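In order of appearance the chains are A, B, C and D, and numbering begins at 1 in each one.
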Amino acid sequence: MVSTSTDISSLETPPRCYADFCLVPVGTGKLSVAEEVAAVQRLLKASGLKYTMHSAGTTVEGSWDEVMRAIGQAHTVVHQTGAQRIQTSMRVGTRTDKTQTAEDKVKRVEDILANGEK
Amino acid sequence: MVSTSTDISSLETPPRCYADFCLVPVGTGKLSVAEEVAAVQRLLKASGLKYTMHSAGTTVEGSWDEVMRAIGQAHTVVHQTGAQRIQTSMRVGTRTDKTQTAEDKVKRVEDILANGEK
Amino acid sequence: MVSTSTDISSLETPPRCYADFCLVPVGTGKLSVAEEVAAVQRLLKASGLKYTMHSAGTTVEGSWDEVMRAIGQAHTVVHQTGAQRIQTSMRVGTRTDKTQTAEDKVKRVEDILANGEK
Amino acid sequence: MVSTSTDISSLETPPRCYADFCLVPVGTGKLSVAEEVAAVQRLLKASGLKYTMHSAGTTVEGSWDEVMRAIGQAHTVVHQTGAQRIQTSMRVGTRTDKTQTAEDKVKRVEDILANGEK
């Protein structure tokens, strides 16, 4: 097992990750969060990262640093709309065995379902 | 604010909820989880609940009890495939002001983006 | 692998699970959620389930059905305080190999750290 | 509402955040994750950030960039132990109204419970 000595400054973050996040502004007095979600989508578009929105969150792909920076900037953008508190729920996956896109993941499951594999 | 007396047996769970979950088998020695995800999709189909799979999870709609029962059964189904440990990450939303479907949520954001609202 | 036939009514949910959740009221206009969290703690106490609060959520142990019912009732209690929308983030674990309590899990890690195992 | 022009390079990430995460190695063939969790605790100690472990995750406090870098390094450290796939569930909170520590949050709820406020 790896030794984690005191100097961790040279330890890299993963070159690639897969993050799905759902950002919730708290204390705004507004029940709808659609405008905030739209602001985040515009930010992600400007980031150049690959992303897809679904009904329960947004999935972003890229290097760990790029993806986390974009989600942090999303907090900043939503704070700028007036929300003083934000809570985000996130799932992040990394793997070293292969590169797998969002499409690959869904297609793999759909193939199993179509073929009736058990 | 509401009083929570000792007897909570009559307290209902929400009639409707919106849950997005990602189930991960642990300790199986297999990197792919596609077969387990496919087994869960078959279960959800059999449940009669409304659900959609995306690349980072699956979203299910229904009453709190129905949805949580289905996700619990998903754990059971995946345990039956041999996984001895399972970890699920879940987001669940409930609201009392209105009923909003998955499609409604996405469409609302897309409309804002299309209209260039800020 | 298991067959999931159309009839899933006899499929049980796990007899034991471990859930950590963080409930966020949305659209209340209040930045603090401490009162809502306190209401949830009172509910959990009344439920008879084993639970512990920490700074980022609350961990509950029990059967899948009991735990999910309690968290659903927590949504109801917080809706009754006036919150019309609630978003909860949850992690749930189940295992079939052994029973492990919250204390066990923390102690196991602390032992490794104390022994300098790598 | 804020304009998100094409240039987002000057947009900062939050100066402070509060993250609770649970990291799960996938496909290792080992049911226990205690050694991996211990490796992450050693890394966090070396990071100089404030953190606390509980039975369902670890909470870290610091600037957005520092905290996300540390969690990314945690993925790297666990990949170095041999895990080829890692899935992390995370909750991150930011607020602009005040600074609140982990202890503050828990104490606020305990005070409400002790005073019998409703």
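Here is the rule we go by: contacts are C-beta pairs under 8 Å (C-beta built on N, C-alpha and C of every residue); 3 or more make two chains touch, one makes a residue touch a chain.
Not measured: the values here are computed from a predicted model.
Across the two candidate interfaces, B-C and A-C, the one carrying more C-beta contacts is B-C. With every chain reduced to the mean of its CA atoms, the largest distance from chain B is reached by D. Of all residue numbers used where chain A meets chain D, over half belong to both copies. The two sides are thus made of the same residues. If you average the Cα atoms of chain A and of chain C, the two centres end up 23 Å apart.
Chain C has its Cα centroid 15 Å from the Cα centroid of chain B. Residue positions 1-2, 22, 31-32, 35, 39, 42, 84-85, 87, 89, 91, 95, 97, 118 of chain C each touch two or more of the other chains. If each chain is drawn as a node and touching chains are joined, the picture has every node linked to every other. For chain C in complex with chain B, the residues that touch the partner chain are 1-2, 4-8, 11-14, 17, 35, 39, 42-43, 46-47, 64-65, 68-69, 72-73, 75-77, 79-81, 84-97.
Listing the residues of chain B that touch chain D in their complex gives 1-3, 22, 24-33, 84-85, 87, 89, 118. Remark: chain A residues 18, 20, 22, 31-32, 34-35, 37-39, 41-42, 52-57, 59, 89, 91, 95, 97, 102-103, 105-106, 108-109, 112-113, 117-118 touch chain B in the complex.
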